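Letters A, B, C and D mark the chains in the order given here, with residues in each chain numbered from 1 onward.
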Amino acid sequence: MIKYAYPMKVFYKDVDQMGIVYYSRYLEFFEAARTEMLSSIGLDYNKVEENGAMLPVIEAHTEYKKGATFGQEICVITTITELPKVKMTFHYKVTSTDSGEILMTGHTIHAFTNLNGKPIKTPKYIRDLLANHFNI
Amino acid sequence: MIKYAYPMKVFYKDVDQMGIVYYSRYLEFFEAARTEMLSSIGLDYNKVEENGAMLPVIEAHTEYKKGATFGQEICVITTITELPKVKMTFHYKVTSTDSGEILMTGHTIHAFTNLNGKPIKTPKYIRDLLANHFNI
Amino acid sequence: MIKYAYPMKVFYKDVDQMGIVYYSRYLEFFEAARTEMLSSIGLDYNKVEENGAMLPVIEAHTEYKKGATFGQEICVITTITELPKVKMTFHYKVTSTDSGEILMTGHTIHAFTNLNGKPIKTPKYIRDLLANHFNI
Amino acid sequence: MIKYAYPMKVFYKDVDQMGIVYYSRYLEFFEAARTEMLSSIGLDYNKVEENGAMLPVIEAHTEYKKGATFGQEICVITTITELPKVKMTFHYKVTSTDSGEILMTGHTIHAFTNLNGKPIKTPKYIRDLLANHFNI
């Protein structure tokens, strides 16, 4: 398993007139978190694209327990629990930094494609890199 | 069943560097579509809040088949297939207006709450209004 | 002068916890309005890019008078008052559809570039097309 | 003068199909930067609202020199050069963290209002707090 904590803060731009983070914003938070997770293990997403692969989202799922509010410090905890073959799944848990309370959870499933959008297998260097971190 | 078609167009603001609509944007499209659907049956969401209820999202799910592109005319087809008791589910299908091809699908599940966020039953006038449209 | 009215509606996604449209959203509304304006005179922005030109924003300006609110019907009135040479300016006025009241105003200035981002003169077919509509 | 540097990173969510940050996103970056600046001098914006004041934007201005790209580390440098009376102006400079190159600049002008949106003078505790930091 690979696990990564991405701390962040809620700003006005994120919050709707109920005073809580608008529901689509979490998908942006997920993206920032998974990008930084991959970067933390040496996998810069820019390099992935330069090497001729893309990793578009094919499925996303979110469950909202408690609304994050303006100014709140939150943490997006991202995990990969399985080595990808053709698909790659990220799990997310957004917690309140102060209390540790879980605010929402979700996952995204991605497929590797070439730059024309045709599905391809997980590139070997990516699989190797992930495998190394699974062994830690 | 209640069914509503919300036609719209993809703009630059929606599209990422893969040249397709960024994955979180569809949740915004869903919101516009379900708001207009409810409005079309006489249920103005402003009135819902004025009457002391809110309808926050508790779950969202999206599956991406083909990316919508800049300038593309698309249609968000929203359906309610069940009368809500405590939860209300909307199903969405985003299609290409030209070809009818399905680009992505999804659903959102909502819970009625009072203005303090406490869960409540579906307000009677809303249930009645929806029931009338189910009978058509 | 070319003038174009783009009617639209404010949704939850646009509104912040003050209950008014978040300030950056108007730049998205401007983009939709100017894209539709150009399209209305036969200038599809996709074609502009296919013909090797881009029209990035080099300056944007907004002045906020009154906040648009959730559910409000608004109109983005876009005008071009001068034929572009190297730069192209769009002026915007966002009004309440009901009252006609001006909610905010703004402008954007764009520069024609080639696909590598190098500044170019306004392509002749674009200048001709705009000129035709100035003569009406 | 008060000066504050807010480092951040560009993600996919920010970038359009030209491969550069979409023009409205910088207004979100500005908001994060000025919120953190105020927070850094002990002025939590939540407290401002709890004390009965709001600080809506009445004018925003942006000038784009070079597009920030996905994965780029950037810095939003915010300055206040004048103590506010009824209006408060923030100046912004977005730079590339690596090269120091200026990517874009802008400013926002805000007015203090009460919670009903009526203009008020800068609350004394805010003016005092800012004044203290001007003297440093």
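The rule is short, and it goes like this: a residue touches a chain if its C-beta (ideal position, glycine included) is under 8 Å from a C-beta of that chain, and two chains touch if they have at least 3 such contacts.
Bear in mind the structure is a predicted one, so any value in this text is a computation, not a measurement.
Trainee: Give me the step distance from subunit A to subunit C, shortest route via touching chains only.
Mentor: Minimum number of steps from subunit A to subunit C: 1.
Trainee: Would you identify the chain whose Cα-based centre sits farthest away from the centre of subunit D?
Mentor: Of all the other chains, the one whose centre lies farthest from subunit D is B.
Trainee: Taking each chain's centre as its mean C-alpha position, how far apart are subunit B and subunit C in Å?
Mentor: Once rounded, the distance between the two centres reads 27 Å.
Trainee: Measuring from the mean C-alpha position of subunit B to the mean C-alpha position of subunit D, what distance in angstrom results?
Mentor: Here subunit B and subunit D have centroids separated by 34 Å.
Trainee: Using mean C-alpha positions as chain centres, tell me how far subunit C is from subunit D in Å, no decimals.
Mentor: The answer is 24 Å.
Trainee: By the touch rule stated above, which residues of subunit A touch at least two different other chains?
Mentor: In subunit A, the residues touching two or more other chains are 12-13, 18, 24, 28, 31, 70.
Trainee: Hey, which residues of subunit C end up touching subunit D in the complex?
Mentor: It comes out as residues 18, 20, 23-25, 27-28, 31, 54, 56-64, 67, 108, 117.
Trainee: How about subunit A: which of its residues touch subunit C in the complex?
Mentor: Interface residues on the subunit A side: 12-13, 15-19, 22, 24, 70.
Trainee: What residues of subunit B sit close enough to touch subunit C in their complex?
Mentor: My answer: residues 9, 11-13, 28, 31-32, 35-36, 44-46, 70-71.
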